[in-house]
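Below are two complexes that have subunit A in common, paired first with subunit B and then with subunit C.
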Partner chain A sequence: MNRILEYSHVTKQFGSLCALQDVSLTVEPGHIVGLLGPNGSGKTTLLKIASGLLVPTSGTVSICGLPVGPESKSRISYLPDKNYLSDWMKVSQIIDLFHDFYLNFDRNKAYEMLQRLDISPKQKLKTLSKGTREKVQLILVMSRNADLYLLDEPIGGVDPAARDYILQTILTNYNEQGSILISTHLISDVEQVLDQVIFLKNGVITLQSSVDDIRAQYEKSVDELFREVFQC
Partner chain B sequence: MLGKLLKKDFRSTYRFFLPLMGGYTIAAAVGKILFEIVLSVLDSAGHTSALSEGIAIFSVFYLIICVIYLVACYLMTSVFVVYDFYKTMVSDDGYLTHTLPVRTSTLICSKTLIAVMWQIVVNLIISLSFLLIFTGHFSQLPVKYFFKYFASSWNMDSFAYGIYSVLNILVESFQRPLLFFACIAIGQQWKNHRILGAILAYIGISIATQIINTIAIIMTGVSSLYQDFTLSGYMLYSLIFGIITTVGFYLVSDYMLSKKLNLE
Partner chain C sequence: MSWHFDNGRPIYTQLLERVRFLIISGQYPPGSKLPSVRDLASEASVNPNTMQRALAELERSRLICSHRTTGRFVTEDEEMIHEMKESMGREKILTFFHEMKQMGYDRDQTTALIEKILKEKTI
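Now for the complex of A and B:
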């Protein structure tokens, strides 16, 4: 089977801190994978390396068999855990920008989602609340017909009602032939949508398994197992 | 993709430059009006009247403000270019820039071309403002004498000097932003003090460039200390040195942002 994403012996060092240590993993098409771990476990670093925002100290990453580069970036839709849009821009200008650069961007889908959320395309980002800006980012990311969605803490820092909306938006808009790698530490909220999980602890993968196997093998939910593994 | 990037970068920079250049154009136009009033008052009222003195004092103050504005235009051009590069390449906005499906070299090319364009626009507007001030009074300027004097004292044709000057200005228009880009690209390696890192990189590169330049001048013999010094030789040397350093700064920027990108 073709692999959408493959990390091979990836290590990332920040000075003396080892953020990722000899990480190898694969993600296959059509899967929703939860990248689970406590804060500082290396989840964001892992996603940034695949997005091309960080260069690994050693090891390789390939996306649909391609090394990280312009080709791979055209296939990845990445949602960072921070505001990465210029706040002087209008929502419509950002949509134009995405449409210009990403061939797989569906402008109509973006406008439909904006309308459903009652966000005016004429508004400048700086006039929007933090939560609305995050929704705009999510709309942009999910309006792409990408092979791989890398979502970094998409439900972190929002209220439970917004979490449901975000998860619903992800599930109803992603390209089902592709895969989603979603990083979070809010396991119970995402557990029902995941096919697979990866546990990351201090930059090391401690578990990679399907959700069904976890339930069968450990007779526990992912959330319960997570709490057990990462008990303080 | 370069065309799309140019469009994106133009949009993100024109909002800085338009007010700056618009303000300068208005200031130059007012300067021209004032200049003409001063000349007509001096012609009609003489040099000693209270009115002419008042206008002359006001004109001097206005001239000082215009010169400060002119210097600020040059400085702010670099400031805006640096600010835009820093914000869109190595701060939070860089998350979008570096996930666009384009090569790092294309990103740097786009930023450089936009920076060069704005420098040319600023230089053109400032040159035109001088032309505007002296329009109608060129016959009173010792232009012919200047060219004659220049050719005899520097042993160089003023046309050749003009060509060399334009080429040097053009190379410098590429060199200056690329030096800043290289420094920011080096500075982003620091985790917490990226701006300080960029400043230190600037100081380091400037010192290294000066040392290499001095050695090269001595080795090539284009210094005015030598008897066979010619201005054309020195300008040709400056041009070549400028091109080499420009390429060097580009390569450093490209290497640091493609192989050592560190958006922590």
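Now for the complex of A and C:
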């Protein structure tokens, strides 16, 4: 089976700090994978390496068999953990920008989702609340027909009702050959949409398993297992 | 989210039970067509692969069958549905008696209580 995403012995060091240590993982087509770990465990670093924002100290990453580069970037839709859109722009202008920028951007999809979430395209970004801004970013990312979606904390600041809609959106909108790698703390909210989970602890993968295997083996939900494994 | 899941049990098992319940209770009548995997998954807010697995399991038990191009259908074998219904009913009642026993009711006391309630109310 061809892999959408493959990390092979990836290590990333920031000076003396080892953010990721010998990480190897694969994501199969059509799978939704949850990247779970406490703060500072390396989730964002891991996603940034696949999106090409960071270069690993050692090891390799490939996307659909390609090395990280301009071509792999066109296949990835990445939601960063930061707000990177210009404040002065209107939602509609950002949609135009994305449409110009990405060949696989589906403008109609974006407008449809905006409407469902009751966001006016005429509003300027700086007038939107934090949660609404996050929704706009997620809409932009999910409106691309990509092979791989990398979502860094996509629902953190979003209210529970919209969270449900967003998860539905993720479920119904990702293309069936594509995959999603999603990092989050809100495990109980996303647990049932995931195929697989990866536990990351201090830059090391400590567990990689399917949600139902975890439930069968530990007789616990992934959320409960997480709380146990990462107990403070 | 309309479907609720217990912690500590695989999600696909719970999906399987839920779909089986919908069949036994007649909400998906014998011979009727089931919604697509994607629609069912979306209704339950679960991963389509998990729903697929649950339906595959039900197919193995012959409660549903798939026709290659037209989708999945509930079995037309009403006897089979009836048997499954009875076995589920049986299980519920055994669990009930077990719990009553733990509470300190023996068999006769339990049935006496049932009859008493039946007389008081029309259920």
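In this section, the second predicted complex is superposed on the first by the 232 of 232 C-alpha atoms of A that agree within 3 Å, B and C clash if a C-alpha of one lies under 4 Å from a C-alpha of the other, contacts with A are read in each partner's own complex, and residues count from 1 in each chain.
We take it that a residue touches a chain if its C-beta (ideal position, glycine included) is under 8 Å from a C-beta of that chain, and two chains touch if they have at least 3 such contacts.
Note that the structure is predicted; figures quoted are calculated from it, not measured.
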May I ask you to decide whether A:Val204 touches subunit B, subunit C, both, or neither, giving the answer as first, second, both or neither? neither
| request: Could you say whether A:Cys18 touches subunit B, subunit C, both of them, or neither, answering first, second, both or neither? | output: neither
(Q) So in the superposed three-chain picture, is A:Asn83 touching just subunit B, just subunit C, both, or none of them (first/second/both/neither)? (A) first
_Quick one: is A:Ile32 in contact with subunit B, with subunit C, with both, or with neither? Answer first, second, both or neither._
second
Which superposed partner A:Glu219 touches (first subunit B, second subunit C, both, neither) = second
Can A:Glu71 be said to touch subunit B (first), subunit C (second), both, or neither? first
Both partners, subunit B and subunit C, contact subunit A at residues none
Counting only contacts in the complex, subunit B reaches subunit A at residues 1, 4, 7-8, 11-12, 15, 87-88, 92-96, 98-103, 191, 259-264
Listed in rising order, subunit A residues that touch subunit B in their complex are 14-15, 48, 51-55, 69-71, 73-74, 76, 78, 80, 82-86, 88, 93, 97, 100-102
The answer for subunit C against subunit A in the complex is residues 1, 5, 7-13, 38, 41-42, 44-50, 53
The residues of subunit A that touch subunit C in their complex are 30-32, 164, 167-168, 171-172, 191-195, 211-213, 215-216, 218-221, 223-224
